[in-house]
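What follows are several structures.
In what follows, chain A forms one complex with chain B and a second complex with chain C.
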Partner chain A sequence: MPKQVLIRFERCVGCRSCQLACAVAHSEAKSLYGAVLNGEKPRARVFVHQAGEHKAPLNCRHCQDAPCIDACIAGAMHRKADDTVTNIGGEQYCTACWMCVMVCPYGAVRSDAAGTMAVKCDRECKDDQGVPACVRACPTGALVYAEVDAYSAGRRQGVLLQALGGV
Partner chain B sequence: MQSADPAVREMLDEARRRGVETVWDRYAAQLPQCGFGELGVCCRNCMQGPCRVSPFDDGPARGVCGATADTMVARNLVRAIAAGTAAHSGHAKHLAHTLKKSVQGKAPDYPVRDEAKLRAVAARQGLEADGVPAAELAARMAEAALANFSEGEEPLAWTTATVTAGRVQAWEKLGVLPVGIDSIISEIMHRTHLGVDADAVNLLLGGVACAVADYTGCHLGTDLADILFGTPQPVVSEANMGVLKADQVNIALHGHNPVLSEVIVQVARQMEDEAKAAGAAGINLVGVCCTGNEVLMRHGIPPATHSISQELPMLTGALDAMVVDYQCVYPSLVGVAECTGTKIITTMGMARITGATHVDFEEENAAAGARQIIRLAIEAFGARRGRPVQIPQYKSQVVAGFSVEAIVAALSKLDAADPLKPVIDNIVAGNIQGVCLFAGCNNVKVPQDENYLVMARELAARDVLLLATGCGAGAYARHGYLTPEAVGEYAGPGLKAVLTAVGEANGLGGPLPLVLHMGSCVDNSRAVDLAVAVANRLGVDTAQLPVVASAPEFKTEKAVAIGTWAVACGLPTHLGLVPPVLGSATVTGLLTGGIKDLLGGYFIVETDPVKAAEKLFAAIQERRRGLNLATRSW
Partner chain C sequence: MHFVIIGNSAAGVAAVETLRRPGGGASEITVVAGEPETAYSRCLLPDVLAGRRAEASIRLRPADFYRRLGVTLFSGVRAVELQPGEKKVLLKDGRELTYDRLLLATGAAAVRPELPGVRADGVFVLRTMADARALSAVARRVTAAVVAGGGLVGLKAALALKLAGVAGVTVVVASPRLLIRQLDERAAAMVEGELKEFGVQFIYNAGVKEFITGTGGRASGWRQDGGRFSPGEHLSGHGPDGGRELPAGCLSGVVLDDSRELPAGLAVVAKGVRPETELAARAGGRVGRGIKVDEYLCTSLPDVFAAGDCIEVTDRLTGQPVNSALWTLAFEQGRFAAANMLGQRRAYPAPLTRLNSARFGAVDVISVGRLDGPEVFTLDDPLSRTYRRLVFDGDRLAGFILAGRVDGAGVYTALVKSGRPVKQHIRALLGGRTGEVAVSGLMAR
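Entry: the complex of A and B
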């Protein structure tokens, strides 16, 4: 089962380190100092919002039944061999029609700086240990890179310990 | 590699074996560190924040108040300079008050030990001294020193009397001559408050003024310590954890100010019998950080370790007490001490650590306080007696104590009438290409000591004369670079000939050490004194000399302040870590380029030690070219 970027919302402190790391991973220089010194302006594909009392990161869910792929009239949005969804490196180019932006239920697709193509989480950001940049950067463990079942087992364990640990 | 020091590596293995957490573990736990902080683009200066701006076109470009990245970076940097200045000048003020209490008869344990220095400083500062008895002169000296701190109307006496006329002019023209050390620190806090100074260039000029005040505080610190405790003279000792002794009461003196440690050195000699009665073979004082440098320079007390490895001497199981004053003292010491039985003794009312034993030190009762502290160490020895210890068997010989007075005295054996002439002649002839001052700390982000060692080897081989202070000097001490032998190993032919000629003229039967240890971090002022003397003798400004500075492993806000005044003095100044300024292209460009036109000095940021040495060598050659001296390529 492929790993997913899963979010423990209660842990996010809103530091935006994930955004910075995602942007750097999508820069030419691939380093913060290098990108800044080169004057690059890469864009992050993970977003941090204030939702009421909560600070909350969100990025593409790489849906199995992905509306963005169905809606992409140009045929740019596709599923890669590793099961992730991207509009780059496919048979066709993104034409900036913004259909994916309109149909994504999570708002996970944005525009590039020039407004000429859609930009989204592409997982082309993994380090030598295969960990995505946003997950690596998160200081609080709000972002986890795990298989879904392993993640939910962990959550069950936690909640059960809380409920029954003292019994 | 975490450290180039084998003793440190051995103790790190021991820490791992025993599950004791060290600075390296805590650094690993902090990774990744915040990129906004690394770039200097976060601000917590008001309650509308914290704010951070995006370095990319991908997020807010301004704080809530409208502060841009330029404003934030500049404000953060100059606040760091102000903090460093507060630390150094706090140290100097402490000494000035001690001198004052001494002349008032309130601090009997602090006689003026160096009347010659007192008179020399008085002459330089234009104090009326003819026929004035030492006690009266010391009273005037204390008042004159304290007058530098509050706000006056003129530039500070200790600034203008200790640099070249050219520097005073350059600083005056830029408007960076402070009129009070405390007042400029306070002004910086004011300027960096929400809604005051928002212009990055103007803020940086404020930072330079504050750094000039830091220089002034450092110089006061050196002068007053010499007057009270004696001007250092060459001294032979040893360094590294191998100086700990299993059968003695081992006491580490850690921090920065010699006020307490000097008295401990005196009192320890009187308490040998008490230690013996407790079953110890004696009392063994060792140094850590700059308190260690102060007592090494004046008494040959061997340094055990420095900076980031300060927790490790405890892991030997042989350290009975660590007595700390202030600055660079990790709060983590208390946790390690719980595992090893070491007594951590804090001594300053303004610098306490929860969980440590506090002995409130007062100059009025200094000897009694020192006795109480040593007694706590003897007790701790009693508790550990018979327990096995593991002392790493590494120590290096050290020749330290190179005050300017000591260097001039050594040179006068070659030319009594004009002691600086041999140095100048050899710089002109190219046997000495130039001078590099190594200063600053260790930083956990760099393998400990590695940058210092690589750069010293690269520059010495190319005939650059090396000076060192602070924990940089400590690194050279632990690795055997403060020895005549290191000259044979690393110095180029020209440098070797010069160091040998001076050494032999002084009856050493060999060269001076490869690196000259000039003292603690406030003693960077000694290096300025030397540069100013050479510049004045040549009739040029310090900004024209083939003299450079390097802080290859710097860590503290104090180091930021020193680096800035090194630039203000006109020195090309290397930093071995990237300071948190890249978030502003304006600030970065000014510090590494634009400032050169204003002050002559500028920052060279280079994390690779070989490339850094190459860049400093090139800066030296540029200066040689400016003086019409023959140049060399790398």
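Entry: the complex of A and C
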């Protein structure tokens, strides 16, 4: 059973530690200090949003029938054997057409700083224990990397999708 | 179980992948592909024409795709007849295939209006790899080109010709502005401005009346430094010729409705597409604005399914029957059709049929749903080159246009699809704070 990054919304305090950790993990330097020194502009792939009093991180759900894969006119967006949906490391490279951006209901795909390719959660950030950087960084345990059984996976997706109006 | 799929583009490839998902069972799959190339990204043909990409680099799936998935591929051969009674498909080369379930993923073909001279050497459409290849060969040798049509394909072709080195590229647009079916005036002006930066020219409220050939006249629109004329040197069999006369049948210009003449060594007709429905129609299948299918993407013929540009769909917002004609829809329909061919009974929800994302130079545009409606809100920030147009119908977002910055577009798309009331979030939506709206939706539960 593949693992998912689950979000416990009620625990999020909006500190953006996950966002920062994600950006750093996707920098060349792999450290905040180094990235700043290099003048890099790494982009986070998880975003903390505030709605009223609520704060919540949102990232890619690695959807079952991922709309971004359907939409990718280049064939770059694909699903890896471990269930990760990504536009890197496949047969084709991303052409920055933003079809995936247009259809992702979570706004989880964005352009890179230069506008040359789409970036999203690719799980290329796991530490030696296999834990993603955002989960590792969260001080309150709002992000959990765990296996979900089919039922609760369906339910979780269902809740998210319905809330946003479905895919 | 023997599945036969006709057409190996977006819908066909998605269907193959779905049929081969775990749980799909052991089945035989045969794909009949009219084009000789392995499946490729049709939408990236302009990049091939522009010389930015090699043909092989727009392949949709790895070269071993069919072998790996255990699919028998007949490529470069068309299916010419469907016999639903016998469950047979006849191929052009005389072969016969017997199927248990069939998928028509035959797509669409570019329309060529019956205008005088439309068959002349040098008049092209841009739909297939063969078109792109032929166009590239001629583009290197002409100085002037005309594109008929100011829609997405026409504009992509025009920019590609410019990038390929054609000095003069003029787009003849029937309407008073570009992309009349996708964008409003402001967003269209941003695209026009960007294309003009590249040197593309526009003539509005005009149409091409006739394509004229170089009989007797001096070549116009051809490179004068193009060296010696060498027949058969490229696909269309003609070439530029310094001061000599062009051979008969070779394009030298176009005539507009108002009798203006534009010199042109090549012309691209981008006047839309026509769904490939003949196989179904001749077999007695129902056809409207494409092959008619039920919610399980089954045609009126038993065990014959259809997906992609060849079908008619019901627009989610208007309830009107329209031709599908979008990559995203072709791909998802291929998935749904295959699931139904496997007997999984998955109803295909009515899709949004305006769902476009395009990039012209540095200008990105996304257009989804309705262009107009009872209430329209816009935000225009020239400084950050951001333009947003939101169309509301009551409390619901019914459509939007984003030009410039497009991050978060998918949240708007999901809202248009769902019809969730979001009027109270108008400021966040106009300001591009889509995450906020997404989260508020989650929290509301």
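Here is the rule we use: the second predicted complex is superposed on the first by the 148 of 167 C-alpha atoms of A that agree within 3 Å, B and C clash if a C-alpha of one lies under 4 Å from a C-alpha of the other, contacts with A are read in each partner's own complex, and residues count from 1 in each chain.
Assume a contact is a pair of C-beta atoms (placed from the backbone, for glycine too) under 8 Å apart; a residue touches a chain by one contact, two chains touch by 3 or more.
Quick caveat, the model's predicted, so the values are computed rather than measured.
Participant: On the A-aligned overlay, A:Ala29 touches which partner chain: chain B = first, chain C = second, or both, or neither?
Facilitator: neither
Participant: Looking at the overlay, does A:Gln92 come into contact with chain B only (first), chain C only (second), both, or neither?
Facilitator: Touch partner of A:Gln92: chain C, not chain B.
Participant: Touching A:Ala44, do we find chain B (first), chain C (second), both, or neither?
Facilitator: first
Participant: Can A:Val131 be said to touch chain B (first), chain C (second), both, or neither?
Facilitator: neither
Participant: With both complexes superposed on chain A, which partner does A:Val144 reach: first (chain B), second (chain C), both or neither?
Facilitator: neither
Participant: Looking at A:Ala113, would you say it contacts chain B, chain C, both, or neither? Reply first, second, both or neither.
Facilitator: first
Participant: Where does A:Arg16 make contact in the superposed view: on chain B (first), on chain C (second), on both, or on neither?
Facilitator: It touches chain B, and chain C stays clear.
Participant: Considering only touches as defined above, state whether A:Gly52 meets chain B (first), chain C (second), both or neither.
Facilitator: second
Participant: If you tally the residues of chain A touched by each partner, is the higher count for chain B or for chain C?
Facilitator: Counted on chain A, the partner with more touching residues turns out to be C.
Participant: Does chain B (first) or chain C (second) touch A:Gly75, or do both, or does neither?
Facilitator: Only chain C is touched by A:Gly75; chain B is not.
Participant: Looking at the complex, which residues from chain A come into contact with chain C?
Facilitator: Interface residues on chain A, with respect to chain C: 9, 47, 49-52, 54-56, 58, 65, 67, 69-71, 73-75, 91-92, 95-111, 115, 159-160, 162-167.
Participant: Can you list the residues on chain C that touch chain A in the complex?
Facilitator: It is residues 14, 41, 43-44, 47, 57-62, 327-328, 331-332, 335, 355, 357-359, 362, 364, 366, 368, 406-411, 413-415, 417-420, 433-445 of chain C that touch chain A.
Participant: Touching residues of chain B toward chain A in the complex: what are they?
Facilitator: 32, 34-36, 38-39, 52, 54-59, 578, 582-583, 585
Participant: Residue numbers of chain A touching chain B in their complex, please.
Facilitator: The touching residues are 15-17, 19-21, 23-24, 32-33, 35-37, 39-44, 113, 136-137, 139.
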